[in-house]
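Across the two complexes that follow, chain A remains constant while its partner is chain B and subsequently chain C.
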Partner chain A sequence: MLFWGVIVWMIVWGVAGSILIKRRYLARDLDTSNANFVGAMAGASLGPVGIAALWTKTPKSSNFLIVGLGLLTVLLVAVTFSFADPENICVTSGGFVASQFVNGLIIGIIYGFMALGLSLIFSILGVVSFAHGEFYMIGGMLVYFITAVWIPGVPPLLAVMGACAIAFVIGAVFERLMLTPMYHGKIDRPVEYGILVTFGLAFTLQYFVQALAGANPVKAQRFLSFPRWSWPEGADPVWIKTSRGSMTLFEQVSISSPRFTAAITCILVLLALLYLLHRTWTGKALRAVSQDREAAAIAGINPDRMNMLAFALGGMIAALAGALLVQAFSWLPQVGAIPAMRSFVIVVLGGLGSLPGAFVGGIMVGLVEAAGTGCVPDPQKAASYIPAYGMIVLTLTLLLRPTGMFGRRFASGAHGQF
Partner chain B sequence: MTIPTRRLSLVASAGVLALSTGVAWAQDCPIKIGGMAPLSAPGTVVGGEAMRDAMLIAEEDINAAGGVLGCDIDVVIGDTEGLPEKGTALMEKFISQDGVVAVGGGYHSSVGVASKDVADRLQTPTVFAETWNDTITGDKQKYIFRIAPLSSWASSTIWKHALEIPGVEKVAILTENTDYGIPAAEETTRGLESGGKEVVTFSVDIGTQDYAGIVQRMKAENPDMIIVLATGEAGYNFQQQAADAGIGSLDMPFHAGQVSLESKAYWENVPDGNYAFVQRIGVPENLFTEEGKAFAAKYKERTGKDAVESYAMEAYDSIAIIAQAINEAGTTDADAVVAALEGIEHNGTLGKIYFPYGSGKDPSEDGHGDEYWHQWPDVALTVIQYQAEGENSGEATIVWPDAYKTGDPIFVNQ
Partner chain C sequence: MRKQIPNIAGGLFLIFLLIFPLIYGRADYDYIMHILITGFFYAILAASWSMLSGYAGQFSFGHMGFMAIGAYTTGLFCHYIYISPEPTGLCWETGFFGQWLVVVNPIGVTSTTLTQDCLRQALAGWGGGVEVTSMPVPLGILLGTIMGGIAGFLIGMLVLRLRAAYLALFTLGFSEILKATISAEIDITRGQAGLELPPLYPNGVTWFGSYFEPTDKIPPYYTMLALLIVCLLILTWLARSKFGLFVRALREDQDAAAALGVNTVRYKVLVFTITCAMAAAAGAVQGHYVQIITPNMLFLLQMSLVVAMAVIGGIENFVAAAIGAILLQVALELLRNSFVIGGIEVDMTIWRLVFFGILLMVTLRFFRNGLIAPVIHYFRREGVAEETVAKRATLTGPGGGPHRAEAPD
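Moving on, here comes the complex of A and B:
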């Protein structure tokens, strides 16, 4: 009762803050792009006091203010929850909370990484790839077949690299054959064409793999088995303890080897990708095309080549996510459907075309799912609602910031002739 | 202009008549029987493929033995995807487009619950092979039969076995939120609670892959035993992730989902799955009937598997019993086939199959509930335990009940 009372209070003042602060910023001819969000968070966390302060001062909506008010709101929800349900395991066990947090963070990094590929494709080509889940599936299938069927005993790293290379080539060839006509004015309705043709690729890949490999679940062996080890010896609690399949931190947080290797690899590849995009000519060219295709073309960049590179890279990123997770999950030709759906949620949440937004959005969805699974009092409902947690965050974000967290008002992507 | 038009109409009418006669003749032979199976995710594809192979072997065997009413039979396989809406659409298609005279197979309870109403409405005899939900027969529909066990029987096998495991005071159940999982979890909970055990249930969507959060929460509940009531690869995913977190079958008594009977896929997907208990329908292979032995040999040769799964045997029997009923009825007329099924004694791979309760005798006359309507009552239910890595389910130790026991269970918590 207490919890829902506070939530209703927060909603009422959040809505009031969102409306009032936007009007106030408009009246003062200030930037209103974040006024809804700031007003809602100030109302939700501080009630009329927060709204009055913003109304009076009308400060610039800095990142500090946005993040600060957002965190304050989350904190208020958490504190209220702890008073309303003091016996909940999320309140009584710090170790459990840490465990759920680490789980959410790890899976969020992987979600974000996969969504990054989708966002990269959209930011350059302006196409929402509905074949993203199938690239994810192909990555995993290839690693399984390379390590277990075609070349048993091959190091998993080589298999992962092989899978990425094949996915890259599939993406490049598909883009050149099927998407290039969009950029030369040969297609009347390029947006719809882009959707349909990637849908076609998705079905083709899925059923092609099913025809070749069958529909039985397969799984690659874990890439890395930890040695039995603990450190420091004799400490209570032991800080790090490893067994064959998992690592335990402070005797509370358990991380399985497949998730650990997947998350670390995603972070390393993300850093490499950031280097590519920000420190190399090719990366700068990609970003230039993303910002203004015509200006990039005038500067000597071949946008068609960048399109091909972006689609191939995006597909390869999804394939890499799959290649890393095939050691964690059972793999089927249809395995990409749920991750693809989640990627769509994440890219919209982060802002269409925004690479940082995709990554941050992924982590946010991972954490929210972990919080929901761990803290919803009824265990029967906690796990059933996993897909809904991300949707709730997405809905709230879009209500307050229709462009997503990091989205630009006008996303790029030229579908027609220059 | 009028005369040629009339002539044309007459010629056309004659043509239509001739064609329709031809079509009618073509529909008679071969006799089409629908075969439902989940052949795509989120359905249990390993189960579906096994059932498909079994139903096609049944078709071959029946045709080799002279067919039905002098015709070959044609088993039309359809994919339910494990989804109720796909199941109803498939049933409609079977009956309205493919022209089947009866339907066999079926794996997921939710599909059976949804599609049985279509079959009954369109008056098509249907023998469900592996759908457990009690209401499938409990609705007492004229055209619906079942040779799979009732969900309540299957659940009682699990909880009765769990009550005999020493050191178990608290049980965690992972169930799928479907027409199979929810009632099965409720039945199992009631049974365990009747034995004084504490139960906590976690329900998930059928296609869930990532169980990290659920596993941690389950671990925090500190259970002494885990029971999985999830079909398909969801069971594999959960079991291995639980093992990674230290609450798998190597750490505590663990009752795995029925899909774990598919040994090759099981060991590939759950490498840390030794000592898991799995429910199995049917008697052990050394007690198979002659029909069961013949089918097992053919099935193993066809699929390259080392063991035959119970749902494959059920699927085979569901087609074979329909064929026998049509032969005994002497017609494909639905009401005559239902009458034949109600009086049938079929020597199947699973044993002698018959339906003691139906329009001739209500289950209440013997004190049974409505779920006994058109239900084969003698389904054998056993619990096996994998006791060596890579072991074949057909050779695994039967640990419960005593009547079929082939060895002692290993309790990893002792």
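Moving on, here comes the complex of A and C:
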């Protein structure tokens, strides 16, 4: 009761703050891109006091203030929650919180990595790929089929690379056949066409895989077994202890081997990707096309080839995420829907077309979901609501700050026609 | 004369649909009728979606969400509210024109405890002396439609600033939140187990002297067909009035439309409200027809089917979208039969959807007006001077005409 009362209070003042501060900024003829967000956060965290303070000192607001108010709001929700439900495992057990936090972080890294692919596609093609989840599904399916059915005994690393290569080819072929005509004026309404045609690809791929592989869940063997090891010897508690399938930190936080390998691989590939984008000619050409197509073409870059490369790379990144997670979850042809939704949430939260935004957003969404699944009292309800947590984040972002955390103005101007 | 061919063909198709249940007499009668009723249901959704996205350019992937709002409103209404002549003393109740309006609270959620809600307990206490009345189904459908309209209005207000991809993502998110909520709130909606609804005509119905059982297919057939025709008439009227012109202006260039004096906010919200109310009405009727609703009707597959039907029929022509939906629904059912080639069994229940997806992509790529709309246009163009046709072709043809300013770079 107390919890919901406080939440309603925060929502009311948040809405009031968002509207009032926006009006204030509009009346003063200031840049309103932050006004909604900062007003809502001030209202939610400090109530009328915060709004009044912001109102009187209107033009003053720094990024520190914005982030601080946002954190204060989250903290307030957490404190209220712990007062309202003192018996909850999230309040009583520090070890549970730590393990939820670490697992949320790991899964957030993986989803952030997957969202990166979507963001890459959007920043260069200006198309939101609705087939992203299906690339993820294909990656996992291919790894399962390569390791378990077609060539049993092949090292998992080769299988993952093979899955990535096939996804890359599918992405490249699809881009050349279906998306290239968009840029040559052959399609009447490119933005809508892009949405619908990737939607069609998702539909086709999903049922194609279902027709070939059947509808039974499959699961791959775990790629890596830890050696038995603990460090430091004889200490209490032991800092790191490993068994074959999982690793335990401080005897509290347990990380399973599939998630660990997936997160480490994602970070390594992310570093490789950053190197590609910032240190090689191809990467510079990609970024040039994302900034200005015509100028890049004048400078001797073939934008069509960059489009194809970007779509294929984006699809490959999703497939890699799937290929790494097939050892952790059981796999169905429909498995792509939820990660695809998460990627949409993450890219909008981070800012469509922003690569660091995708990664930071991924970690945030991972943490929000971990908190949502771990702390909601009724576990059955919590599990059913998993897809909704991300969507609530998405809705709030679109309402308060549609460009996302790191959104670029021009990305929303030319691409999303904001 | 040839200009009238689409009208004549449409009229004949309509007459065929009207007399079909009366002349068809084979053993699979119920099955065929079920396919056609579902086809009409999808036709309403596809037609209203093509109004929303093809005419007004608001690409919403949440159409099934509004459909579910309609279905669940009438479902919950008929499931929880009763009129009783005596106060039960157990339930939440209020006086209502000399009777008592009873809101049932379910005790327990599993099917074994279904009989334990407070009204049943009261009925058991009275020992059969009191008759309670359930709510009339048409009122539930009306309420569902209104709720769908209200939800469409609210969502329309929220998405005013969003365009293209953002709008698609937001509406998809709305639909997902709704699905999660319905699945999670088991004590109210019964979650995945599904909410049972009374049939469309709970006591049967007598039309033209013949009596139909509640399970007969003919009454829901004509109800759904009538709803489809009403929706198409409303859409046609809207498209031919000022409204249609304004929403098309909105689609082509929102800023230019606003500069020329179109109240873009009003028309955007209006088009959302109207089309969502239609989807909700279709959902409510369909819910009463199949008598059980589950959150699974919010699956993305259902939305993809509606999108594919509208696109293949012709996204900028809602009559074509509706016809496309009916034909595709029938075609999908016909393709269901599996067959064996060279010892390999081909499971057509899945492969038909693969072909469907490929057809969708090919249509999008090469026939941007769909497959049915161009046929109508072909006959409509008869009588227009040839130079005009040629001029239009060069203006809109590949590579020739002006491209939209919002083309990605």
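Here is the rule we use: the second predicted complex is superposed on the first by the 404 of 418 C-alpha atoms of A that agree within 3 Å, B and C clash if a C-alpha of one lies under 4 Å from a C-alpha of the other, contacts with A are read in each partner's own complex, and residues count from 1 in each chain.
By definition in this document, contacts are C-beta pairs under 8 Å (C-beta built on N, C-alpha and C of every residue); 3 or more make two chains touch, one makes a residue touch a chain.
The model shown is predicted, which means the values in this text are computed figures rather than measured ones.
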item: Touching partner for A:33 - first (chain B), second (chain C), both, neither; value: neither
item: Touched partner set for A:257, first chain B, second chain C, both or neither; value: first
item: Partner chain(s) touched by A:387 [first = chain B, second = chain C, both, neither]; value: both
item: Chain B versus chain C as contact partner of A:191, first or second or both or neither; value: second
item: Which superposed partner A:180 touches (first chain B, second chain C, both, neither); value: neither
item: Contacts of A:246 with chain B and chain C, given as first, second, both or neither; value: first
item: Chain touching more of chain A, residue-wise (chain B, chain C); value: C
item: First, second, both or neither for A:219, with chain B first and chain C second; value: first
item: Footprint overlap on chain A, comparing chain B with chain C; value: 210, 337, 380-381, 384, 386-387
item: Interface residues, chain C side, partner chain A - complex; value: 53, 57, 59, 158, 161-166, 168-170, 172-174, 176-177, 179-181, 183-186, 191, 300-301, 304, 307-308, 311, 347, 350-351, 353-354, 356-358, 360-361, 364-365, 368, 396, 398-399, 403-404, 406-409
item: Chain A-facing residues of chain B, complex; value: 39-42, 45-46, 48-49, 177, 200-205, 207-210, 212-214, 216-217, 219-221, 232-233, 236-237, 240-241, 243-246, 262, 265, 268-269, 271-272
item: Interfacial residue positions of chain A with respect to chain C in the complex; value: 122, 125-128, 130, 177-178, 181-197, 199-205, 207-208, 210-211, 292-294, 337, 341, 344-345, 348, 352, 380-381, 384-388, 391-392, 394-395, 398-399, 402, 414-418
item: Chain A - residues contacting chain B, complex; value: 89, 93, 96, 99-100, 103-104, 106-107, 148, 210, 214-219, 221, 245-246, 254, 256-259, 328-330, 332-335, 337-338, 369-370, 373-374, 379-384, 386-387
